[in-house]
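There are two complexes below, and they share subunit A, which is joined by subunit B in the first and by subunit C in the second.
Coming up: the complex of A and B.
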């Protein structure tokens, strides 16, 4: 398999669709009604893991001297609630749990990036017996995941905008912002653009960072995979390990930061929706 | 009630929010997404009113302008955040030096 095929193969989702959506030349699913099974299953599994660990944690809570893991969880909770207090002006019991869910879920989905790129697809190919089976393990490198999350946040933004400001206040927001009352048509278009750009920037930022990170991991994996033949492996294999370690450490920062930014921006946008005076 | 007032004070804009500095990292994607959103909205309008490519171009330009305005607003908040004392001193002295040079 050539380098291009290797990368393309890794960036292809394991998807299902009806027969008329299959491209006859590539044999891959195309179009809107395509389900990326790997993305769905892995995201759901990670969500289930959070629920499971949280439920277990909740039953075993110790009030005296908490153990190591409880300390860790408490520090995450503390971190999230501090951020919510900092960035959210109003009162809403939904925001902190939402922020925590987003942070943990996005972080864990991003974390799948740090698992060796070939490990899970290789195991999957052995299990299914199909040497060409596709598996894309990082749900956030699929634009569908990030867009779904940001559209959910967007729906909440719209809901709270209308709930807090009222229908009239919501329409006013479109009419008189940002250029004042003499440019009403421009204001309407501008505010629509501004609102549409919120979920777009949320989704594209996360997707872009994760996709690029995954691509770099793939390129590093290719160093050893294709170039190491015979004695040359003595040079390329350590180089690959070194580069992988370096990028892994850096990427650990990236995935945390991206999860954090997604969370804080959600809080900030919802905070803006709760402010009466735009 | 006291705690409530205190909370409101704490969340007021005068308080430093160093964590929010990280948001400035996303300034680039805010700008790009404004332009993309502009073109998207323009495209939808064009499809609605059958005016290709008038709205596409106009909204693209509007998105660009709006993007600059949003970035300007976002980065303007940086001034409100207090710099560490050391940085402040060096910053001040640099300003003074620049002033002297100008003279």
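Coming up: the complex of A and C.
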């Protein structure tokens, strides 16, 4: 298998669709009515893991002196609620759980990136018995996941904009912001761009970072994989391990930062939606 | 890589996850942390109150101790005063008694002296009269010479 095929294979989702959506030449699903099973299942499993661990911990919560794990979770909660307090004016009981969900879910989905790139696809190929089975293990390298979150956030932004400002206030925001009443057409265009760029930048930033990170992991994996043949592997394999470790440590920072940015921007955008007066 | 129906299901999954996280993680844990915060604050304020009360009690104890000390001092000085008064009294009484005894002794002495003198005088006057009788060989008329005799007795 060539380098390009190797990478393409890794970046291909395991999709299902009805027979009439299958491209006859490539054998892959095409069009909108396609489900990326790997993205859905892994994201759901991670979500279930969060709920399961939380529920397990919830059964023996210690109010006085929390143990190790509860302490750890409490510090995450503290971190999130500090961010909410700092960036969100007023009070809305939805914001903090939303921010916490985003942070935990995005971080854990990003974390899938740190599992050796070939491990899970290889295991999956063994289990299914299909040597060409596709499996894309990082849900956040799938635009559908990041867009799903950012669209949900966008819906909340619109909802709270209208709820707080009222329908008239919401329309006024489009008409008179940011340049005042003499530039109404410009204002409409500017505000639409400003609003639409919020979910797009959220989703594309996370997707871009994770996709690029995954790509670098694939390229590093190629060093010891396709490049090394015979005795050359003695040289390339340690180099691959070293590079992999370096990128892994760096990427650990990136995934945390990306989860944090997604969370904070969500809080900030929703905070802006709650401001009545522009 | 393209956008497809996965998006819709991920939106539902995301919404569900938010609901679950709020229910099993954020809700109970943040409530617990708030309660704990409140409890710690309460405990701290109670400790502060206790400290304050202790201070007050200490101050009160000090005052009581001071009072007791001054009272004891008072009692002591009073007792001392009373004691010295008693001693003074006794001294005065003793001096008076001594004076009285001395005066009585003096008076008795004087009485004794004057009686002795009287006796002596009588004896002397008797002797004088006897002597004069012997000299004059005749009885001195006691009645006639009484004046002279008296004067003689007095001059002795």
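Following the convention adopted for this analysis, the second predicted complex is superposed on the first by the 278 of 278 C-alpha atoms of A that agree within 3 Å, B and C clash if a C-alpha of one lies under 4 Å from a C-alpha of the other, contacts with A are read in each partner's own complex, and residues count from 1 in each chain.
The definition used in the following text is that a residue touches a chain if its C-beta (ideal position, glycine included) is under 8 Å from a C-beta of that chain, and two chains touch if they have at least 3 such contacts.
Being a predicted model, the structure only gives us computed values, none of them experimental.
A.B. asks: Is this a clash or a fit when subunit B and subunit C both end up on subunit A?
C.D. replies: Once subunit A is superposed (C-alpha atoms), there is room for both subunit B and subunit C without a clash.
A.B. asks: Looking at the overlay, what does A:204 touch: subunit B (first), subunit C (second), both, or neither?
C.D. replies: It touches subunit B, and subunit C stays clear.
A.B. asks: First (subunit B), second (subunit C), both or neither: which does A:190 touch?
C.D. replies: The answer is first: A:190 touches subunit B but not subunit C.
A.B. asks: Any idea whether subunit B or subunit C touches more of subunit A?
C.D. replies: On the superposition, C touches more of the residues of subunit A.
A.B. asks: With the two complexes superposed on chain A, say which partner A:261 touches: subunit B (first), subunit C (second), both, or neither.
C.D. replies: first
A.B. asks: Give one of first, second, both or neither to describe whether A:83 is in contact with subunit B, with subunit C, with both, or with none.
C.D. replies: In the superposition, A:83 contacts subunit B only.
A.B. asks: Quick one: classify A:178 as touching subunit B (first), subunit C (second), both or neither.
C.D. replies: first
A.B. asks: Between subunit B and subunit C, once the two complexes are placed on the common chain, what is the minimum CA to CA distance in Å?
C.D. replies: Minimum C-alpha separation, subunit B to subunit C: 13 Å.
A.B. asks: Touching subunit B in one complex and subunit C in the other: list those residues of subunit A.
C.D. replies: Of subunit A, no residue contacts subunit B in one complex and subunit C in the other.
A.B. asks: Using the touch definition from the top, list the residues of subunit A that touch subunit B in their complex.
C.D. replies: So the residues of subunit A in touch with subunit B come to 82-83, 85-89, 178, 186, 189-190, 192-194, 196-198, 200-201, 204-205, 208, 257, 260-261, 264-265, 268.
A.B. asks: Give every residue of subunit A touching subunit C within the complex, in rising order.
C.D. replies: So the residues of subunit A touching subunit C come out as 11, 13, 15, 29-36, 39-40, 43-44, 47, 50-51, 54-55, 58, 61, 63-64, 73-74, 77-78, 81, 94, 96-98, 100-101, 104-105, 142-145, 147-149, 151-152.
A.B. asks: Would you tell me which residues of subunit C are touching subunit A in their complex?
C.D. replies: Touching subunit A from subunit C are residues 1-11, 13-18, 20-22, 24-30, 32-33, 35-36, 39.
A.B. asks: Would you pull the subunit B residues touching subunit A in the complex into a rising list?
C.D. replies: Within the complex, subunit B contacts subunit A at residues 7, 10-11, 15, 17, 19-20, 22-23, 25-26, 29-30, 32-34, 36-38, 40-41, 45, 58-59, 62-63, 66-67, 69-70.
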